[in-house]
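Step one of this worksheet: look at the structure below.
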Amino acid sequence: MQFEWIMVPYSLLTLFIVVNYGLLLTALMQKIGARVGRRHGIPIWQNYVDLIKNYGIRSSITHGVMFYLGPVFRLTGGVGLLLFVPTLYGSEMFSNLSFAGDLILALYFIFFGSLGMALGAGESGHPHSAIGVSRGLSQVTTAELPFALAVFAIALQYQTLSVTEIVAAQQGSVWNWTLFTNPLAVAAAMLSFLGSMMRPPFDVVLAPQEIPIGPPTEYHSSYLALMQTNRVIFPIAKIVVYMNLFFGGAATWPVFFLKVFLIYFFSLFVGVVFPRFRVEQSVRWFLVWALPLGIAAILVV
Amino acid sequence: MVSPIFIIAGSLGGAFLLGLLRDPWRGASYVISLLVLTFTTWLAGSWLWALSSGAVTPVEILTAGTQPPFAVNLRLGIAEAAMVLLINLTGLLSALYLKDTLFKQGRRAMAVLLIFSMALSGIVMTRDLFNLFVFFELTVISTGGLILLSRDPRALAAGFKYLVASQVVSILMLVGIIFAYHATGSLNLDDMAAASAALLRGGALAFFLVFIAVVAELKVFPANGWALDIYESAHPAFSALVSAAAGSASLVAIDKLLQIGGPAWMDVASIIGIVSFVGANLFALAQRVDRRLLGYSSVAQIGLILFVVGQQDILGERYLFVAGGVLLAHAVGKAGLFWLSGLVAGRDLTAWSALRGNPLLLFAFASFLALLIGLPPFPGFYAKWELVHAIAAHDHLLELALLLFGALVEAGYLYRWFGYAIKREIDHEPIAPSLYKRAVVCVAVLAGWLLAYVWGELSPHDNLLHAVPVLFALAFLALEWLPARVKNALAIAGLLGWFAFSYPAYDPLQLIFALIVLAGGALILLASFHSDGRRLGFYPSAMLMYAGLAMLIVAEDSFNFFAAWESLTIGSYFLILRGRQSEPHALSYLVFSLGGAFLILAGFALAAQGNVQFLLVSLAEVAEPLAPWVFALLAVGFMTKTAAIGLHIWLPGAHAEAETDVSPMVSGILLKAGLFGLFMLLMTMGRQELYGVDLAHVMMWIGALSALLGNLMAAFQEDAKRLLAYSSIGQMGYALFGLAMMNHLGWLMALMFVINHYIYKSMLFLSVGGVAKRTGTRAMYQMGGLITLMPLSFIAVLIGIIAMSGVPPLSGFGGRWIFYNAIMTSEYRLPMILIFVSGPIAFLYLFRLIHSIFLGQLKDEHRRVKEAPFWLVLPQMIYVVCLLVFALAPGLALRRVDAYISNFLPQGALSWEGLTITSEFGYWSPVSIMLIVGVIFVVIFAWLLFVNRRAQKVKQFNIVFAAERPYRPETTHYAWNFYAPYKKALGFLAWPVFERFWAAVTDLLHTLAELLRRIYTGNGQVYAIHLLAFVVVVYLLKEGL
Amino acid sequence: MIKRFAVILLLLGIGAIFTGLMVNYVPDKALNVTARYYAEQTAPDLGAANIVTAIIVTYRGLDTLGEVTVLFLTAAIVGLVLARGSSDEAPARRDLPPPGELLLTGTRLLLPLILLFGAYVFTHGHLTPGGGFQGGAIIASGMLLMLLSHPLRRFGHRLIAIVESIAGLAFVGIGVLGIALAGGFLDNRILPLGTFGELFSAGAIPIIYTFVGLKVGAEFSSMLVNLSETEDL
Amino acid sequence: MKDELDKRLDNQPDGPERRGSLKDIPVREELLPRWVKGPEGQEYVVEPLQDYFCQAGPTVQTPAYTRIIEDLFNWARAESLWILGFGTGCGAIEMRPLMTPRFDAYRYGIQWRPTPRQANLFVISGYLSVKTLKRAIRSYEQMQNPKYVVGLGSCTINGGMYWDSYNTIKRLDDYLPVDLYITGCMPRPEALLQGFDDLKKLIRAGKAEGANHYAEHFDWYKANQKRVIKDWDMPDYSW
Amino acid sequence: MDLIAMATGFLLILIGLFGALTNRNILRMIVAFAVANTGVNLVLVSVGYMTGRTAPILDSAVPVAEATARVIDPVPQALVLTAIVIGVGVTALMLAYAYRLFKTRGTLDISRYTDLKW
């Protein structure tokens, strides 16, 4: 596959859909979470309002170049990740820019935004930002591990690293999904997914009220707006990867919305049930519970 | 030709003539002594020349006009001539050195000196057993006199102990001689050899007594307490004589006896020799006094030569070459060191730091040590090479192991000493100003290098002193007076010139390594433009390292490979030692490197099976039972260099403490030598199985463990350079892992790591080094907020860490992508898990690096810090460009290598179509990724600039701080123990288990040495008892055997 | 005590070696090759009646040269050892009671005879038992007698040294002459062999032995003098 | 220490000027100018207040170019009130119930933010001691324009029951530009919700320009603040 | 009984060595070594001895022609002379050392001269 100009509007369209869906979805998730607490929670459009408000803040400060660039990195990471993976299976329109690389690209591009963000947060000079980064990075070392193993396992299983081909291999029947053909890998990956969603019990990175909110402590106004934008794109982009790898992908938008919702909901569901882990606890948790699953997944393939 | 008898007659005449002179005529006496010694030296030299040029044949000197065995006869062959020359030259030089002392002591002392060298020459030349005894006694008595030249009051007691011991020796010897005479009816050695069957049957005990007496004269371990006391207390010039000349003479005597004794006794000599070598070296570990240390070392060296003498049956015609090489190297080195010790005022090893003021003497010191240890290009190197090959070919594996162990211990304590000289405080008196003494030392240095040349010529291999790179490196010794910048330009020109010159000869793999070593080396050297002054010692060392690397790449046979390996080890050792706090680290680097080198040597020796020339490609043909062992030895040797886990403890200190521009050299370039070796090994030997275990699999585990633990430990470092150093361990682990996968992409990945690691590690070391230079600290938590002050360094580090972490779009991702494709076809899956674990850990330390240094809070004392010097920044910027180019077009380098690797592993090659790289499993388009990411980034950035154009720039304390304000930058900068919670969870993995292990090993050795050396109680009687015990024990063992 | 025990144990070992030597020792029934050669050839070749002397002076002349050198060396070193630091201490000498009349007279009487006897012994070394070493030792004993009788007397080191050195040089010189005039170093046949059994026979042997005798005498004397001077009187 | 510093400052080229600025040195040790020695031996003075803190004052931030966009923004600002989680006095206790199911302020787009950077509403919850005032000012200044202040309870209006206390301020409006007071001692959560609703109206109407007011009358506010805060150990405007 | 001289010689050597290794006084050691040396010399000459033969001096009693059958082995005799002289030399040297040692150290006990060790 090669680059064609038509991909640009197609990709922008994907982006547009995903942003809007994400804004609503995250609000919905918050509402569901609120309902667990017997509240009504924010209005469904609240994310739009917050976003507009933040773009509308008149003043801002900057701590330096990296501080300024941090959110740019962050959003580039989210958008890039989204665009490097085909959103809808079989649709040339929504294959985005996946010609540039395969699964491995997606896997490593996940870190692009986090790295830039961490750098930006670092330049703010706020110790809480640094503490948040420290926690985040520490946690990610083991949280990503089962996912990596699962990816390796299914790459071995399907003998390919191309996302499209992996999805193709899962077509036909629900039973062809990796979820059923390789449940161990999926289990490992889904545990890992919990760790990457910044939700309880793995949200010690942000830990509101403790280290205010971790890395973004100093971010505000349009910086924050960019990050909020990313906050709706990035999880979905990640979920798209999971969906493609483990849950048969999606051929149409409704299926896409449904699957993304369900996968997202899984993290929310766990999050409202469990309290927060400290970093070393979560590291141990991943090593003890998720890692063996991943290893088993590799060995049985 | 003048008859060699005049060597004896002349000395005696001279000695008697001295008696005629009046006591106050010191000058005349001295001149006579010198004339006599010059005469004998000239005589010996002319004979050596004539004999070696083939002008004359070995000459038999009859006395009394009667044929042997009825009269005493002497013989002068080429070996004897060389020894006599050595003895008399040492005597002459010592006489020069002793000028003041001799003037003070008068003609009698001079006469004794003359007789001493006469007696030693006699020992060498005589062919009569009893005559040998007479000369030995002359040596003993004159030693008794010459000890008194020392101003040390303790020398007297030492002399008495010596006399006691030699009385015992002479009693045994006489009894032995007379019974040997009785058994053979002759005192002539040749007759005895002819009748050796009879002698050994009936008079075995007689021979034993003579043999053991001569062996005891050699001061073998452990019956040598008196000798050590003499070495410690005697005048250094005399110690030089004892060590160099007397030791050599006694060895010749032993050699003569072994002609009688035959193989059975050669074995005894070998065992005594090797025990001496190992034991004395071990004891030397605990020494703090220079001359006593040299004494132990002498004992060890003599033991080694005794071992060689004992191995003459298997060395065959190479015996003289080997024995001569070791012996002459020892003699010159040891004599030189003793002479040097006379220039140093203090007796503690650390007092040698006084040498630091004088580069010439320091060079001499280094040369002598290299001579002793047998480093290239000195004779000992050639000799040990052949020795090891011979004993390996005859399956004397235990001896081989002991030999290498002893040599390693020796290198350890000698280079520890060198480290003291380079690094310790100069708090002692300066070195003695005597011109004579310095001249003598210089002559010894010259002799050493001359021998190096001669041995190179004699060896069947290439003369290392003919190798252009080595010569180039040595040329810098002569250019030391030039300013550093000029030398730097020369060095860069040299590297690039050599690259251009050799370019056509490289195959793709070599080309990649050559690019890194030569072009890359030149690039790093740009940073050295920063230093002004003369930078003594830097360029010869650096160029030696580069020379070794350049030669390593093109080496075709094992000898050249190993010689290159040793050169680069030595060069880099000197380089590393230059760092401010690097003394212990340089030492551990050297010890590990030499240990690894010895394993390599053993591996080659086993593989060669006695072949003089062993092509590296013939490693593939090594037969089965041996092959896995060879593989294992070589692999471990190479892995020492790549600092695989377990053998890594030298690396962090060595890389971290090195100078700013040295760290990238040793990290970015030097580590690749090990990888090159592994490439070479795997290409030739492929997979090997030992006890059913696939060694490649083991390597894979080692690689994975290195990657994991290296990364993990890097994450817990507070010192920026140490962090980078540990990260190198991890990175090398990745490369090792890739290699061990033994598939196409695995190797490609390893090569990718070779290139990438060179670029980003050099860059990071340079920028971190620049920062450390400006801030005066390497502890990251003491820095912070430097981004605005050192923006270029920041950019370099930023690009570096993005590349290193493998995040797209920079080149590190290529490595990860190839890695994933490679593991798809690998058979072993478990080690992957470790690699997977270690991957994200890289983020930990990389972020910490950039955050703690450049981000966060700026410290007060760094407010006026400037950007790193231009010459440090320039190469960094070039690296940035390289990284970007390499990220965009990895094919530039990889495509050819990909094709090249297909020669070995055809499966799984990549296909390069247009912008996309495709493997069996996936695809990747570097340019597209770069463009897409770039476009998205620019768009978003532009948007942010638009909406956020009026941002107010604030200062470092303008942070929300729970409504408070920060107290100080130091307390606000979150950097120390950055990963505290992580440490809580996984810190146990970074427990320094290997450090503890190696520390325990060295402690054990030192404790052993410290405890066991107490057998040398200082009591002369005890020494004599040792001697008798030695005799009895050897007797019993020999009987038992 | 442990040390003593260890020594005994070790000496038992050495004793075992010696016993081994003795047990294996079988006395020769006839002269071996070397000895036979000496017995047969000494008289015709060298013209010396005392075979041992011939061996010492000529056949194994190099040993003897070494031997002489040992003495020279010892004398020199004893001088060195004792000279060392003797300058800085000048012990107060006390007067001794004069040596007895008997000793003095005896010395005066015997000394010339002793010296004469010594000279006889070394000049006749090639004919009779005796030789340079024995003669030299006899001469030195005369010296000892003198030292006993005149404890405070200081002898001329210079003279002793000159005698010693000249004798040594002569020995070496004669040896070198052997290269030029005869078969090799220390060959005695630089002079005619003369009539077997006469004083002036056996080539250079008597001359060498004379020098050896002088040298040995001088060296022993030198040692004795040096040692006697150490006495703190 | 201070004398010596003075002496050494006199020797500097710009010494006298610096001396001027040193006159009102706050008592805090960490804010004293100090001599620092750089790694390469250069010595210089670090004045924490100058060097650590941005010296710029607040500026009046103009609304967006067009009315429509500004209205949109004002609507959004009103519907997205992010309260700084800073309870200054006992009134903070009345804020908590707003987060509970019973009152659930989230329904109205009201959320709490742990950092002033991201909050746009500062609720001064009750009496404000002088000591807390300093922190409140800092936090307020660290919020971004536009930002709103709500005075909660009578203490913020006239000192309330602390009207004669020696160390509480009596009238919040003298120190920070208050957009809205919610009276009562204490006002119930319902009153708070009502107050927020009123604030929303103000915002939507574009009348809640406290931040710009503060910037315009910065000197007046500062003078008032400094009058009560004796140990003014911070820059005039805390960015 | 032929070996009585030799045995005596060996015994002397052992006695001498025992004395030298157990007496701490260096003068006694020197004397002991002298004893041992004597033993060595005795062994030396005893090796050359042949029963019933005469000294290797050719005179009227032993004509040249009969020498081979009548004289004992002359070589050990020559050697023993050299050995004796060397022994004397070493003994003298040791005595001189003993003197100096006593002068400088004030003791003749060899176990006190242990400032050089290890």
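The first chain written gets the first letter, and so on, giving A, B, C, D and E; residue counts start at 1 in each chain.
Note that in this section contacts are C-beta pairs under 8 Å (C-beta built on N, C-alpha and C of every residue); 3 or more make two chains touch, one makes a residue touch a chain.
Worth saying up front: this structure is predicted, and the values here are computed from it rather than measured.
Looking at subunit B and subunit E, the chains that touch each of them are C.
Overall, the chain located most centrally, as judged by its C-alpha mean against the mean of all protein C-alpha atoms, is B. The chain with its Cα centre farthest from the Cα centre of subunit E is D.
With B-C and C-E as the two chain pairs, more C-beta contacts join B-C.
Taking the mean Cα position of each chain as its centre, C sits at the greatest distance from subunit A.
Separation between the centroids of subunit A and subunit E, computed from CA atoms only, is 99 Å.
Subunit A and subunit B have CA centres that are 53 Å apart.
Chain centres here are Cα averages; for subunit C and subunit D they lie 114 Å apart. The geometric centre of subunit A is 106 Å away from that of subunit C, both derived from CA atoms. Of all residues in subunit B, those touching 2 or more other chains are 130, 134, 137, 141, 144-145, 175, 179, 182, 187, 950, 952-954, 956-958, 960, 1021, 1025, 1028, listed in ascending order. Residues of subunit D in contact with two or more other chains: 54, 61, 115, 117, 239. The set of subunit A residues that touch two or more partner chains comprises 55, 59-61, 212, 217-218, 221.
Of all possible chain pairs, the ones that touch are A-B, A-D, B-C, B-D, B-E, C-E. Chain contact summary for the complex, subunit D toward subunit A: residues 54, 59, 61-64, 72-73, 75-77, 79-80, 85, 100-101, 104, 106-107, 109, 111, 114-115, 117-118, 120, 144-146, 211, 239. Of all the residues in subunit C, the ones that touch subunit E in their complex are 3-4, 7-8, 11, 14-15, 18-19, 21-22, 25, 27-29, 31-32, 34-36, 38-40, 42-44, 49-52, 55-56, 60, 63-64, 66-67, 70-71, 73-74, 77-78, 81-82, 84-85, 127-129, 133, 196-197, 216, 223, 226-227, 230. Residue ranges of subunit B in contact with subunit D, taken from their complex: 774-777, 860-865, 950, 952-958, 960, 963-969. Residues 785, 787-788, 798, 801-802, 805-808, 813, 816-817, 820-821, 823-824, 829-830, 832-833, 836-837, 839-841, 843-844, 847, 850-851, 854-857, 914, 916, 919, 921-925, 928-929, 932-933, 936-937, 940-941, 943-944, 947-948, 950-954, 956-962, 972-975, 978-982, 984-986 of subunit B touch subunit A in their complex. Only residues 34, 37-43, 46, 49-50, 52-53, 55-61, 208-209, 212-213, 216-221, 224 of subunit A touch subunit D when the two sit together in their complex.
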